[in-house]
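Read from first to last, the chains carry the letters A, B and C; within each, the first residue is number 1.
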Amino acid sequence: MSSPRAYFEKLEIDVLAAMGKPSIGYLIALAVSATCFVVGMGLWGYQMLFGMGVAGIRHPVGWGVYITDFVFWVGIAHSGTLISAVLFLFRAKFRSRFNRSAEAMTIFAVMTAGLFPLIHLGRSWFAYWLFPYPNQRELWVNFRSPLVWDVFAVSTYLTVSAVFFFVGLVPDLAVVRGRAEGIRKKIYAAFSLGWIGSAKQWIHYNQLYIFLAALATPLVISVHSVVSWDFAMSIVPGWHTTIFAPYFVAGAIFSGTAMVLTLMIPMRKILKLEDHINIGHFESLAKILLFTSLIVGYAYAVEFALAFYSGHTFEIAHFTYRLLGDYWALYALMVFSNVLLPLALFVKKLRRNIPFLFVLSIFVNIGMWLERFVIIVTSLSKEYDPYSWGTYVPSMVEVGITIGSFGLFFTLFLIFTKVLPVLAITEVKETAL
Amino acid sequence: MKRRDFVKFLGVTPGALAGSGSLADAQERLFENLLRPKQQDPADMWVVHQTTCTECPAGCGVLVKGREGRPVKLEGDPDHPINRGGLCMRGQASLGRLYHQERLREPLARGADGSWEPISWNAALDRISNALVESRGGSRNVYLSSRTTGSLAQLLDEFAASLNVERLPDLELFSYGALREAYDVLFGRREVPAYHVEEADLLVTVGADLFESFISPVRFARHVSEGLEHHLDWYHLEPQLTMTGTNAGHRIHLHAGSEQWLLAYLLKSAQPRSPLPARVLDAVPDVTIEQAFARTGVTPEQLQGLVAAWDAAEHPLVIAGGVSTAHAGGLPTALLAGLLQESSGAIGNLVDFGEAENYDSVGTPGELVDRVVDLASANVGVCFLSRLHTLAPVAGLQEVAGSAVLTVGLTDFLYPPTEACDLLLPISHSLESWGDVETYRGLTSVVRPAFTPLFDTVAEGDILLHLMAAPGNWEDYVARQWQAAGADVEEQPFLERPTRPVSTRLRAAPTADRLASSWTPDTLEEPVLAFSPSVRFFDGRSQVISLLNEIPDPLTAVSYGWALSISEDDAMMQSVEEGHVVQVSALGSEDFFPVRVHPAFDFAVLSLGMEHAATAALPIDANTGELIRCIGGVELGRVRDSAVLTVLSGSMDASGRGVLPNDVHHPPGVEAHEPGHEPRRLYPTPEHETYRWAMAIDLDKCTGCSACVAACYVENNISIAGPDEHRKGREMSWIRIQPYLDGDRPIEFMPVMCQQCGNAPCETVCPVYATYHNPDGLNAQVYNRCVGTRYCANNCPYKARRFNWFAGQRPEPMDLLVNPDVSVRPKGVMEKCTFCVQRIREAKDHAKDEDRIVLDGEFTTACAQSCPSGAIVFGNLLDENSEVYRWAHSENVHRILEGLGTEPAVYYLRQDNRGDTGHE
Amino acid sequence: MKVLRLIPYAVLFGYVGAAAVGLVVLLALRSDGGVGPDQPIAFSHQIHAADLALDCTHCHQTVEVSRFPGIPSTDVCMVCHEFTATDRPDIQRLTRLHNEGRPVEWIKVHSVPWHVYFTHKRHIKAEIECTACHSDVTVQLPVRQVRSFDMGMCVNCHRANGAPTDCWTCHK
């Protein structure tokens, strides 16, 4: 690196170049994602028109792929806040390379996740009943229901993440404003809220940022804890366990970090940001991945230990079923992806091997999706009453809507890469010094 | 209801028959008998009509409950001598026949291209009249119907005499040929006697499926239930597992075709109370216990136990029937059963010919085959086929019908016999027409219309009267018959005449001869194929009713479609798996059956539902003329492919889960809580002030017959899901019969519905309060508040909640079969048992008018009302004088999964703890 | 520049405003235009209930004993109209229907939703005035539904009068 000034110049040019005219590949990717999303929405419409029955969920498995998707996307949303808020508080420097994308990912993932509670409702058009709003009937929501807690947890998380994201963007928007022209310049100017980079502004900005980081940090814990209580508060064997909150939070960070890798590795390549995001940065992420993987693996073991130690007929029967029953292959793949494969990260060479990290991150994404699927579906398949046992297979509608949710997520992310700076320019400058 | 329909029910005359003489008159006259409130009556008043169920020949009395001018529910008539308030699932579901979308709606004639074309009643009847006139030139006219009794039988005889028509013996698949033949040989009475089970202290049934289709299942269920009150001991011996068998205290499997050996052993070993003539005894082979064991497979201990019980009993009663009298050894089995009845002194009291069932006009398939052979060589003019769902048991009948000059079908559906017909006359349902049924000697029940005919249909009696050109109509005819008997058809729902005891004397010589000549030493070669009695379809005639297909067979838990049930050992031996589609050697190469592997079925017995016997051309027993329902030496053919069966039971093994009340199923580990270790609760336990509605179910009395399930479907507007949904487990039943393996008894049936928990797991998780605990202790479900998260269903340990995956389909005119007091639920909402809250509401409203609280027994739920054996009581648990309080506080009471602390309001009773061997 | 800074606020207010307008439109659509349906016979409650001062139960005979008030049959009409106002075309039509044994096909005016169990009897016995729900029918020609029968109306009145508010009292 010749001089800081030259590097800053290059950084700004590189990041803004990434926001330039989209390539054919980008447009194709956008078209594919958007199409998936539109098809997914169409399938949702079809489901509303004909009834939930077009999905594969059945008696007794009342929750299936939709809730799996919900938990999966909420999980993905976790690393954003973790990277931006928690690592900010811990002064982890590598964070600056990822925080912008991770935060964007968080917001898009929460938005995607937020759709699923609506999609899975038998009568989606009455979803507003889940919010406490004043009405002449004096009807209130049931505050004992974890689903109501979910509504609050997720909407709070979305609000705080969005504010945090926007605040972090302000100085960068000013940078873009400086280099943009025409109507774009006006729009960026409006959203940069008159940022001129004065010392006074920086002081206020830093105070606000650290305050928001402190506010967001407990949310990392709370959101997924609340989501896990959807299960833990029930009496379903396999769900009703006290370890769910930490177990789910660790899992969420694990999957979110994996998703950051999945997105950043190609993005770095395509947007030519190799100079700004290096192997060392990825290695740091890999360490987070390894650490959370160990927690998740420990949780898997504890679940079984608790079940068998309890001597509880139904818990034992359930965990035996989870391991050896109809869904054993999914469980095995899940353990392989989430526990065994990440152990390879103990090897430094692999930790610094970007293709390996990319493949691993895909496995972890799949593994973490399967984890939620296995927890939800195997628990419901064989509950207390043997008469009402049954196995669930997702229908094409559920598969289509799931693909549609990925379509939504990638559409939003692709748009993000073109309209906002994908690296936190000012922060990279700070940490690069 | 659409306004147009409303007008129809207010009584705009169906135009089609206007001016066609007595037929139109008949339809108009029905108006006076509509289930319609009188002008001043309030519109929410139930109009109740007494009539008789005609879904099977048992002839139970029913109350038709009507609202808004149409019948919406049937209930057993508490006053009727046969059923005393109970009604089986077929009876409950028979409204589904009335409102069936595929019912014939108008007369049809076979067109030139073989398809059916509408024809006017006048034209159709003229065609028949002309054909009858033409037949005077030497051809023979025949009339074949299913069992016909009472006034219609009388009219048929007159019709036959006046128009030169031969009336063939009535065709019934259950003709009791072996029993009637045996009693003819023994006592000279070719009859099916009344068996007074309620007066016996030991019941030995050999193959007789008392609770499915044998003579009068509802009455037997009630009588056995009454017998249990005074400790009736019951041995049931059968080759294949039946629902009846699961209910017997001692259910013993014997080899198919060995029944006569067992009965011979019992006859020779037991102490005779009235000694049999030596000549007869000599004709019965001496059977040692070893021989009996070798032939029947019943262990010497079991045999000795049976003999000891027989000797110890004061009033032992043996009944042979069902599959056991429907094979080559059927006649000796029936003869020996009769001899045992004679030697134990049961003839004349427990076995009563004075109240013999009215099977006078019913022939056996064998008799009919003889008549058909005779007819085949003659010219048949007009051939009437009335109320028949099959001709298959009688070889050649279809051909004779096909070759007749004019074959007329009187029917309500396009059953297979209509293929041979040239003309179809749609006949009215029994809820749309007059009639009567003489079930047994001494009892005639009236059939009264409750409804104007829904379609352009006419009663069979009116058709006959019209063809005879007789004055008056069918209603008058029935009234005249009743008048002649000194009764009023308008006022009396049934007519009981005192019966005289019939004296019988054993005819030694023919008995000995016939016993010797019909004795078959060989038992059937295993594996055997048995046609099991069907509690759902009777002899197959009820299979058209959608609801009966929707409710699973209690034993196999299979709802839609045929299934060949085999034991696990057989499946292993034949290397087939559940769902494999196989051929069965005895049934020709055309038919394939998916296999149901059943953990409780007996080895070397394959079993098919009796409804299949209605379409298969089964052999006929030469001795008795009965259909052979047990075929030896069958083989399973190759596996063609596999199918997904509609098995609604996830597993029959509930051991260790605290579901069934016994040590095996309810081990100490899942006890409610240890003393001094009260469970702690996060939320306060609800308290109840005036009412805590609760239910108690006596599992000893529950037979598994599923009448409650059908009653619930009709009462609560539960939609029919269909086979595809059933394969996904998406049934909609609010109450279901769960079959479980249970110790030394093959199966215990457990009716399970919403347990209306005191601490309901469903209530806390609903985000919108669509489900909540109401002040009466009910887990209320508010349909239009439900957003459909299904969280409540996930959290219900009893899995009693049902989700509306789609909007329920009610094809016209099924949309009329709706209880107006209960919502028809839209798609996307959860529903479940409400303890018939509409009835609670009505009773409370009534009580409030009188300024009191609801009294015990003032009303009950639909399931409890329908139960033939009185196994369900419902009431207020806070009322210490209530029946349900007494039951819930008796010994041996159990609640499902008590260990979860849900405090269910449904109590299960079981006296004997039979599960000591267990299934591991 | 200052103007541009207002854009986010403008957008926000735009959404809120649009929502408010939508709400007003919805509410406006919900209230009927104040005209009841044209009945097959132009029956006047004013003449019968106000001028002649017939009691409601004179025609709605089951209102005290049933969930339903009972729409009178033509028999009830003909008690008077056999002799009264026989020159009017509507009465002649009524007479014709009566003689043919056909009912008058009245159009239902007051309806509760499908999931509601409502009983007139209980409300009459609790001495709730008919006008509490139906308002004054004698000034309406033709009769129309003045008050909207929504749950707020029911439940507020139940609360005020100490009537049960258990959902299953009314929801079926």
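Here is the rule we use: a residue touches a chain if its C-beta (ideal position, glycine included) is under 8 Å from a C-beta of that chain, and two chains touch if they have at least 3 such contacts.
Values in this document were obtained by computation on a predicted structure and should not be read as measured data.
Chemist: Look at the interfaces B-C and A-B and say which one is made up of more C-beta pairs in contact.
Modeler: Pair with more contacting C-beta pairs, B-C versus A-B: A-B.
Chemist: Among the chains, which one keeps its Cα centre farthest from the Cα centre of chain B?
Modeler: Result for the farthest chain: A.
Chemist: Between chain A and chain C, tell me the centre distance in angstrom, where each centre is the average of that chain's C-alpha atoms.
Modeler: Roughly 52 Å, centre to centre.
Chemist: On a C-alpha centroid basis, what's the spacing between chain B and chain C, in Å?
Modeler: Whole-Å distance between the two chain centres: 47.
Chemist: Taking each chain's centre as its mean C-alpha position, how far apart are chain A and chain B in Å?
Modeler: Centre separation, chain A to chain B: 57 Å.
Chemist: Where in chain A do residues touch two or more of the other chains?
Modeler: Answer for chain A, listing residues that touch two or more other chains: there are none.
Chemist: Name the residues of chain B that each touch 2 or more other chains.
Modeler: Only 769, 772, 785 qualify.
Chemist: Using the touch rule from the top, collect the residues of chain B that touch chain A in their complex.
Modeler: Listed in rising order, the residues of chain B that touch chain A are 557, 648-654, 656-659, 667, 669-670, 683, 725, 728-731, 736, 738-740, 752, 761, 764-769, 772, 785-791, 793-795, 797-799, 802-807, 826-830, 896-897, 900.
Chemist: Residues of chain C touching chain B in their complex?
Modeler: Residues of chain C touching chain B: 61-62, 65-68, 70, 73, 75, 101-103, 105, 113-115, 117, 119, 121-122, 125, 164, 166-168, 171-172.
Chemist: Provide the residue numbers of chain A that touch chain C in the complex, in ascending order.
Modeler: Within the complex, chain A contacts chain C at residues 135-138, 186, 189-191, 193-194.
Chemist: Which of the residues in chain A end up touching chain B in this complex?
Modeler: Listed in rising order, the residues of chain A that touch chain B are 50-53, 56-60, 62-63, 117, 120-123, 126-127, 129-130, 139-142, 144-148, 151, 230, 233-236, 311-314, 380, 382-390.
Chemist: What part of chain C is in contact with chain A in the complex they form?
Modeler: Against chain A, chain C makes touches at 1, 4-5, 7-8, 150-152, 155-156.
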